[in-house]
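You will see two complexes here that share chain A, one where it goes with chain B and one where it goes with chain C.
After this line comes the complex of A and B, so read on.
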């Protein structure tokens, strides 16, 4: 396994800047998720690291060795593709053996490595089948097996779970997580699913429009987002944003509601964007009220969409609470859980994870 | 009804000459020019086949020539055409050179071959290769390689790029990817290219007749020698024609899946 350094990587397609200068250090044995919406540059980053695309400028180092001009086959990286990219003309056994066969490894070594990988992934019964006779989940495992069978410097995974159905995706997510942890492998994992990134990664690199917005552990991303875009992308249901104004007393007034604030003092009258995570809003007997616009019951909890003046936001409430559409209910927000952003730049002014008084974070 | 009529009409036009050929191959010689002879001969005879195959056994020699030349042409055309197509499909050449090369192949496909027949004859004469298998094979390869290249190009462009990228990550260089992944996946297209190349070589007359007058003579060239100074031997011609067409027809029937696939390659996803 190896540490990986991307240093000031850029990528241009014609006149389109696919990647702004990007520097990223992945430590040995670290699992890093590259998270962002489609077209944000995360897959381009992975392809550049793999050597499938050349960066326009910048250097790539694997364990200190500059591999920028080295072709993919000599970088010793293993990749799992979104489409699995299995070899349709080869059996599962030969698919997994392929990287070793290419390297002309001794037959006995290949056989034992394939058997080990197959056992690890529980695909031993399918070894003599062809990819076309496998389900999506089984193909996924074969693609993983092909990556695991040799000892690569790092694993590159490009949305490996996105073609699986929801139940299988959850199951594989947990399995993959455990697998890579037990292997002690360096892995870069591209995904647009924030839940995958949050649950699997040691650190998440959040991308948008060709730029890396933040690179930090999941909880830091969640509780101390670098800016509004990161905050909006991480969390489900997503954070809601309200236009607010700082009152003379230092509180934040937004959409007819006043939120007591606990943050570095802002100038009275200044405009701020207030971010509310649904789980930070809770029903209250007294305090400001809001109108219930929509109730979505998920069984385990319910997401309530509220309106107060021009502002709309969401609340996560316990499943047994009766909330009726059209009624007004009282809401409260713990001042420690307020997110404040600069309305013009989107930069974070205050967040729970940035407040040293939130010692539990 | 109209649709059926159209099909019958099209079939009649397509197969009519073949039927006439078969009928003529068993028509007695004296019935060809007899007044009042109908389409269906009064008596049938195998004399023409006997004449064609009997005697000096020359026809068998020409048949062997045709088989050798068609086989060698097919192998060579695939051997050259498939890697060329792969290179054209994948190599990132500057100035859109890939397109220039591909179009060059296309031009070779469409200019009239008579324009090169004489120069080719002169080249072969100077090399001392006249009337050898090699001379005919080279001519046929030059005719068929562009076709193989274009058919394979259409197919290769449909191959999902991730499969080759995956092979790259697994450690294959370009040749390894071609041999281990691309070729096996290209079998349907290669099969179609092989069949169509073999047919082209088997049927080719112009270039073969230009450079192979005796020893390397192929069956289609042999047909023309039934036009003699004493008259045209219609029956022998028809018998020989049938001998040429039959294997093609049978082979086409046996490989029709490949053929249809090959002719529509690029039109549908595999």
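After this line comes the complex of A and C, so read on.
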């Protein structure tokens, strides 16, 4: 396994900047998720690291060795593709064996490595089938087997679960997580699914529009987002944003509601964007009231959409609470759980995960 | 009346027309091939002779000569055009204006009428006044008689046929290559395979079913070659470049030996069908991976 350093990598396609200068250090045995919406540059980053695309500028180091100009076959990285990219004309056995056959490994070594990978992934019964005869989940395992069979410096995974159905995706998510932890493998995992990133990664790199917005452990991303874009992308149901003004008393007034703020970072009268995570809003007997616009009951909990003046926000409430559409209910937010952003730049001014005395973050 | 019956009823006129224009002449020619009929002697068909015409044709030295030359030409031209077509397709696969332009230019030989192809090549290769030999002569490389010496004429015709049909092979292969998911090629690179290995272990095996299909079409088509012979060598020198098609043409429409020409036509048809069947069987054997288990 290996540490990986990307240093000031950029990528231009014609006049389009696919990647702003990007620097990223992945430690040995670290599982890093590259998270962002489609077209944000995360797959480009992975392809550049793999050597499938050349960066416009910048250097790539694997364990201190500069591999920027080295072809993919000599970088010793294993990749799992979103489409699985299995070789259709080879049996499962030959698919998994391919990386070793290409390296002219001895037959006995290939056979035992394939058997081990197949056992680990529970695909031994399918070894003599062709990819066409496998289900999506089985194909996914074969693709993993092909990556595992040799000892790569790191694993690159490009949305490996996005072609699976929802139930299987959850199951594979847990399995993959366990697998990579037990392998002690360095892995870069591209995904647009924030739940995958949150649950699997040691650290998450959040991307948007060709820029890396933040690179931090999942809970830091969640509780101390660098800016509004990161806050909006991570969390489900997503954070809601309200335009607010700092009152003389240091509270935040937004959409006819007043939220007591523990640490008002701005002078009275200043405009501020208030961010509310649904789980931080709770029903209260004596709080300010809001109108119930929509109740979505998920069985285990319910998401209530509320309206107060022009402002709309969501509340996550327990499953057994009776909430009627059209009624008004009182809500409260723990002052510690307010997120505040600068309305112009989107920069985070206050967040639960930030030390309030260190607002430069 | 069900929808299906109405649909079948609508098909009847087309089927009748097909039967009339396709199967009736076929049946008629088979009928003729079993009788003795030489137009030069009589306008009316002679007596029933069974398989005599077939045995006479098969014992004809000119016919067997033509058979061997035709097989050689078909095999040579197919192999050449498949290999060249695959190579050119590999070189021109992709989407930018340069590649698209090269593909279009490379297609030109195919859209020229075969008769014109033959005529142009005959003029190009004329022994004393053709531009090819003038150039070779000026370089001091000698002036081979491309269409005039028996062995060389056979090779020349094979090359001309391959030249004309390589574009066909190229466009089909280009489509086959373009249909390989790029992820698979990227995966092979990540797995450590170099260009040669990717070509041998991934690209060729995946496109092999289509390569065989192209080879089959080329082979069957080349077995029926007539036009190029007609416009370049006229079957000569001697009988060196008689193809089966040309032999049939000469027997039937020059010597009016209708019944033997019909018999030879049926032999050629059998040869084409056997060739096609062989290729299809081969193709099915290597395609097990495309079948759901």
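Simple rule for what comes next: the second predicted complex is superposed on the first by the 352 of 361 C-alpha atoms of A that agree within 3 Å, B and C clash if a C-alpha of one lies under 4 Å from a C-alpha of the other, contacts with A are read in each partner's own complex, and residues count from 1 in each chain.
Operating definition for what follows: contacts are C-beta pairs under 8 Å (C-beta built on N, C-alpha and C of every residue); 3 or more make two chains touch, one makes a residue touch a chain.
Since this is a predicted model, take the numbers as computed values, not measurements.
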Clash or fit, chain B versus chain C on superposed chain A: clash
Contacts of A:132 with chain B and chain C, given as first, second, both or neither: second
Chain B versus chain C as contact partner of A:89, first or second or both or neither: both
In the superposition, chain B vs chain C on chain A residues touched: C
Contacts of A:146 with chain B and chain C, given as first, second, both or neither: both
First (chain B), second (chain C), both or neither touched by A:222: neither
Partner chain in contact with A:50 - chain B first, chain C second, else both or neither: both
First, second, both or neither for A:79, with chain B first and chain C second: both
Touched partner set for A:102, first chain B, second chain C, both or neither: both
Overlap of the chain B and chain C footprints on chain A, listed as residue numbers: 50-52, 71-73, 77-79, 81-83, 85-89, 98-99, 102-103, 146, 156
Of all residues in chain A, those that touch chain B in their complex: 50-52, 71-73, 77-79, 81-83, 85-89, 98-99, 102-103, 146, 156
Residues of chain C that touch chain A when the two form their complex: 181, 183-184, 186-194, 197, 201-202, 205-206, 288-293
Residues on chain A engaged by chain C in the complex (per definition of touch): 50-52, 71-73, 77-79, 81-83, 85-91, 98-99, 102-103, 129-130, 132-133, 146, 156
Touching residues on chain B, where the partner in the complex is chain A: 160, 162-163, 165-173, 176, 180-181, 184-185
